[in-house]
Amino acid sequence: MTVEVIAIGGYEEVGKNMTAVKVGEEVVIFDMGIHLDRISIHEDTDIDRMHSLDLIERGVIPDDTLMKDVDGKVKGIVFSHGHLDHIGAVAKLAHRYDAPIIATPYTIALIERTIKGERKFSVSNPLRTLNPGGKLKLSKDLTLEFVQSTHSIPQAVLPTLHTPEGIVIYANDFKFDNHQKISPPPDYNRFRELGRKGVLSLIVETTRANEFEEVKTYSEKVAKMILQDLMEGPLKEKAGMLITTFSSHVERVQAISDIAKTSDRQILFLGRSMERYCGIAENLGILDLPDNASVYGTPKAVTKALTRAEERREDFLLVTTGHQGEPDALLPRIANGKTPFSIRQGDNVIISAPIIPNPTNKANRHMMERRLISSGARIYSNAHVSGHAGREDHRDFIRMLKPKHIIPAHGELEMLSAYGELAEEEGYRIGNNVHILRNGQAQVFNGGIS
Amino acid sequence: MTVEVIAIGGYEEVGKNMTAVKVGEEVVIFDMGIHLDRISIHEDTDIDRMHSLDLIERGVIPDDTLMKDVDGKVKGIVFSHGHLDHIGAVAKLAHRYDAPIIATPYTIALIERTIKGERKFSVSNPLRTLNPGGKLKLSKDLTLEFVQSTHSIPQAVLPTLHTPEGIVIYANDFKFDNHQKISPPPDYNRFRELGRKGVLSLIVETTRANEFEEVKTYSEKVAKMILQDLMEGPLKEKAGMLITTFSSHVERVQAISDIAKTSDRQILFLGRSMERYCGIAENLGILDLPDNASVYGTPKAVTKALTRAEERREDFLLVTTGHQGEPDALLPRIANGKTPFSIRQGDNVIISAPIIPNPTNKANRHMMERRLISSGARIYSNAHVSGHAGREDHRDFIRMLKPKHIIPAHGELEMLSAYGELAEEEGYRIGNNVHILRNGQAQVFNGGIS
Amino acid sequence: MTVEVIAIGGYEEVGKNMTAVKVGEEVVIFDMGIHLDRISIHEDTDIDRMHSLDLIERGVIPDDTLMKDVDGKVKGIVFSHGHLDHIGAVAKLAHRYDAPIIATPYTIALIERTIKGERKFSVSNPLRTLNPGGKLKLSKDLTLEFVQSTHSIPQAVLPTLHTPEGIVIYANDFKFDNHQKISPPPDYNRFRELGRKGVLSLIVETTRANEFEEVKTYSEKVAKMILQDLMEGPLKEKAGMLITTFSSHVERVQAISDIAKTSDRQILFLGRSMERYCGIAENLGILDLPDNASVYGTPKAVTKALTRAEERREDFLLVTTGHQGEPDALLPRIANGKTPFSIRQGDNVIISAPIIPNPTNKANRHMMERRLISSGARIYSNAHVSGHAGREDHRDFIRMLKPKHIIPAHGELEMLSAYGELAEEEGYRIGNNVHILRNGQAQVFNGGIS
Amino acid sequence: MTVEVIAIGGYEEVGKNMTAVKVGEEVVIFDMGIHLDRISIHEDTDIDRMHSLDLIERGVIPDDTLMKDVDGKVKGIVFSHGHLDHIGAVAKLAHRYDAPIIATPYTIALIERTIKGERKFSVSNPLRTLNPGGKLKLSKDLTLEFVQSTHSIPQAVLPTLHTPEGIVIYANDFKFDNHQKISPPPDYNRFRELGRKGVLSLIVETTRANEFEEVKTYSEKVAKMILQDLMEGPLKEKAGMLITTFSSHVERVQAISDIAKTSDRQILFLGRSMERYCGIAENLGILDLPDNASVYGTPKAVTKALTRAEERREDFLLVTTGHQGEPDALLPRIANGKTPFSIRQGDNVIISAPIIPNPTNKANRHMMERRLISSGARIYSNAHVSGHAGREDHRDFIRMLKPKHIIPAHGELEMLSAYGELAEEEGYRIGNNVHILRNGQAQVFNGGIS
């Protein structure tokens, strides 16, 4: 039985992930993401209303048109976790396949929201939840397993496909974090077991493979400790206090809440996406917000909350969207004087997010920070740890899994290549058993694990 | 007689230059520039219609309010050259002083245009032209001399004030270029003569003082040679061809013209500022455009020219504004599909300008280049040399002038400091005879050259 | 009574700190450090045997010859902490002053060792210990106080001089760390009290003032948590294990010990300076080494220990000198095959130190890492946090102390300048109440705190 | 007939180039270079005396042991040009093959010298010269052509193999320079002709493929113009004057000579490798040294020359080796006070070479510059242009040749990858017709040009 890994998207960029694995006559699809950076190249891009083919042409979603030449039955569309670069194209692409959508409960809930927001297509694939650690038989030959892992969003798993030819692991995205509050540590024992059973191919993210500074990614516990030190002073000062972070980073949101819950401030989570990610997480019992916290998402509710905060700024902690300085998000709008809440001399702003390094983000963030500072704010910007595995984490992963083949994924060519060189240090060889693919290319394995 | 150098603007930034020199009871002002970067911090900034005090508060123009406490008669407002960071605030500030405006003919012509465009104030100071190399007696004690120099705009001079206490030289901005076509080489002999006569203080630009890579700034002849190699191919191809460069950089415009004049293409200089700087330069006999060149500035004329070029793209060379990707300038608008001329597969675009390094420019330029490339253009971007003295040029300058005191100017603190360290290598000492000032501070010299 | 701060060393470099404070007719000297980088410029530099004047000429120690023109009685030579850039020149310079040496017990013990090692001069100044938090009357007018602080060496204090004209604080070097095991947190309450009493001048280190990434320096607790995650795997593997860190960083050494004490490995601290710093720290009850730890310093003892470790590598954890790759230190020598212990495939090496950024260190470290890797070692290099205050720590410090004047110290001009700009954000002004000095310059305060 | 390109060395590094092309049963080898950086990892590496297998193990020379499994008759060992990373291993490897060595006259002369210096092996392959532009029939099926090209050494050609299946071009290394004095411009017409005939595969250097700043490499004419401006002052000053550049860069040496020949100084070319490269070039009529120039290579002659120069420094221009600061080369030894010539206050040193970017060079160069400056020298370091094609040169090259396949070579993986992405912009696809190989891998072409 031939196994074929088809690189559809995310093999030439950080974004729009999509991979198909064909085993004999059956196919499993992993992820359908979007590429956020590409949206801004054409000013008139309107995702919700545009047709897939236009979005494909603009590089916003994966080009899955090659799938029409793939002769096989799609048995499932599997999502690894709920970030937009993994689920964002679901409403544009999933309806073309006669197969269920499978993901963890939190991811499924986010997918439902995405499908609901779609204006062009209607998506009616059945939705199936599978818990971390769970298994699901997709067909006589194929069983899907969600191996417990950690990332910067809850219920991120490593979808693992058991095939007659060996195991295929889709490790896209992950970090090794043993100290998260919400997510248990990665299931290292299971990794080692899988390694002993025989991994035919590891498909693995490479977003940090070309970074040589912090080679084992720090735990979220480190971020929490740093946040604690940063927040301690501002929480006590008689001044405004704002924090911005990733809405989907529920572990971080939880940490902020835990630190602030014994303070005299009311915690307001503000912004549409803050409401989306945190609301769902709270409903599913993932996020445990303290009594002094509230979430406001609609423009009207946010405005009202900001009006209150403007009056007694020392009584609130505002947790907002806008960490990249995106002009339409909340913190940049506050910085620009476009909300009822205005920054005053002595206000403290904590940015718990890195600049996602593209020129537009750098410009937006710079502009936002200049404006905040010129209004008198003090900015703290060093409270973050990455959600992606570092080089030494990858090395450990390879040693645990001992895969026969490795397909580096989710990255630009230089990241895939850097991962390839790392794998060579572990005895692999690019071109032999490490396969660097371009979007649209496939790698065929004729012999399985023997 | 006491000599006092008053740092008004440009001592904490690259931009908004303004310095006053008080000699006994008389004052001479040098430059009144704007700070372009600051304009974008507040979205509602409208220079032409805003009051000086508002612009001062936003950091857009120099804060000259301290001049009301300076007890002295202003004898002249002297402009070194026609760049906006030296003349841009003339219409906002000059009318407050009862003194003539003095500059070279090209600079005067640009100042006249600026004054004409002003909507808030009316400026009626007399305009006096002084040629490079010329002298003008400002009072019994003060004589102004315009020492021949070179920069990236024609008729840039080093205004030099002869006082009873010694010479004060305002070297802001300059490079040492012995091979320009339009401007003769700097008058090194005169520099040495001034050094022998006795320079009390050198006020000197420092924009490249903290760059250690290219330590003697390359001549424009180098830029021309590089341009020649770059343009050779595209001029002959059957494809569209565009060049963007600084409108005010007439030497560069001349070089482009000289290279293209024997080609079969018509050269179209397009854009409002292109028309302003080149038009004036041509009228004054500074710029010598070939027969196959035309200049179009008004939106209507530009549109018409672009319509023609769209039809027979291989017959034209378009020289446009927009090298920083500024969304409203011509090349970015072409890239964005907002003009009758559209980029097609195979068109060549030469960017003869560096990215002026701030995050907004980087983002704009990136976006423009992505759009050009996605439409099929090929981009050449390495045809530029700086217009500012490098570290070794500065060292030569100090050795020629042997000033008693040095005041580093036109730069952020790190540039002023780096210049200070360079001066220390030449035997000076920061704090003793190298004086690092902040905007609004003054340095008093009690003893002159003895 | 006039107060004068005399910048002797460390105002143009990171290294060779020395400052004198003259109050009326009395003088207190702070620190006498060396500049390690300068030693390598001249290959024949031999510190122990060279005369002070030669070392001064080579820039290795502070040029205190200007002190002969300072008309005042030296009442004490005060050392802030035991790093070489603060105490390293004591044996070359202290004997010229008829005054006691004053420092905390750990620092005094290190000074005694330095004096013992000196081959050129004999130093007989009385040694006086003063505990953190303690006070000492130096004269009728002057009282010295050691305010509790934190840094990357034990018993680092902020020497504070109470004078009739106000308080002078010598904050050189420090970080704000509330979670060290060995050192209690900085005495923030005392800082605020001093601020209320009236601080005439703050003399303050600036080594990280021009870093904008991590603006509040992380606690050592963060380093320990990271180390714990890094060490966990290697401690359990059947392979060699080495850690290198700063010998003087006793808090880090303690953390390593605490993590490894329950493992099956024996911990060997190896190298002359490891023995010096840890031995003294253990004797003074500062460092608490576990039962499975031993320290070996002499070449013979180290060789013997390495021979044992070579035989049963999985039973030892070697903690060595050489984190910068200095060719004569232990880890580089091991990497280079010059010791009985050789690196084998699978050995783990943790470098718990940053590259101190100069070209020689970069080259040495690169070479060492290449050699370790080519012998089969796996290197972990991201377990470190800085020992110096970040920008936001400095901002907090200024707000607590509210000094009338600030003198940035311990840094290159760009660091001093960057600190100056930070102080300006807090309402100060360079040139008015922030004074940037060069080595050899002095700042006189005529009016005290009123 | 099958064509196979075998990547032996230079596909994972900048250095040790070696490629074999097998056509049917015949093989042609291109280049046998060394990897200079690798030599310093092991301190005891002695190239002249070491066996090939040891050098292979240390990564110093290409691992050609795989050639024993290549079933074919070697018809020629072809050298593209005389740099050490292309010819340096000839004495270690060539004797294993029963085939003639073929190169241009200058390259052959350099190879002869290398063979003469060898202490371990004796090389007796016949040496055959082929002029740029010339052709040589290697067998019934294979014809070798040396297409005229330009680089940073004279007589660098693009060896081109005409096979029954199409043309294979070995473009390793080259730049496009239309203005060299010694070498005529690249034969662009021939490139286009070859493109029309049918290029099966282009093997192409990629050393600058990942640089995006200067995308069309500047001509040597630019370097000469810059040198002229730099040298003008120092030539006239009454002070010592030294220039260091690549000995093998005869075009640069010629430029320096041409600029200095009308001065009053005697030009002394000093150092063993200076004598080797310039001596041979002069003998072959390639280099035209003026009457006031002499070349000294032996230690004794150099010492004597330096003694003369020390006495009347203003009468000499010393052109030396040592631009990377290598401790044993001449300029570093002068800087370190180890020669009869000592640097004095006011001497001028021009470094006409970039820092080849590895940590050791950076450290050596830094140390040399610090020493020169501390002795009073003034350093000029910006007179260089690259000898390697930039991205836009590569694009032009692809368009001229229209190869069916491309094999990026001579670079680290990131360079090869960056080239691959460039080729993709021109319609190629990595993995389809752009083949990224690792050392030891081969690419087989079954179908030729049809």
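Letters A, B, C and D name the chains as they come in the text, with residue numbers starting at 1 for each one.
Quick note on the criterion: a contact is a pair of C-beta atoms (placed from the backbone, for glycine too) under 8 Å apart; a residue touches a chain by one contact, two chains touch by 3 or more.
Protein identities per chain, from UniProt: A, B, C, D = Ribonuclease J.
This is a predicted model, so every value here is computed, not measured.
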| item | value |
| --- | --- |
| Mutual neighbours - chains that touch chain C and chain D alike | A, B |
| Pair with more cross-chain C-beta pairs in contact, given B-D and B-C | B-D |
| Distance from the mean Cα position of chain C to that of chain B, given in whole angstrom | 47 |
| Centre-to-centre distance between chain D and chain B (centres being mean Cα positions), rounded to whole Å | 42 |
| Where chain B touches two or more other chains at once, by residue number | none |
| Complex interface listing, chain C residues touching chain A | 178, 213-216, 218-219, 221-222, 225-226, 229-230, 233, 378, 380-382, 390, 392, 395-396 |
| Interfacial residue positions of chain D with respect to chain C in the complex | 40-41, 43, 336, 358-360, 362-367, 370-371, 374 |
| Chain C-touching residues of chain B, taken from the complex the two chains share | 413-414, 417-418, 420-421, 424, 429-432, 436-438, 441 |
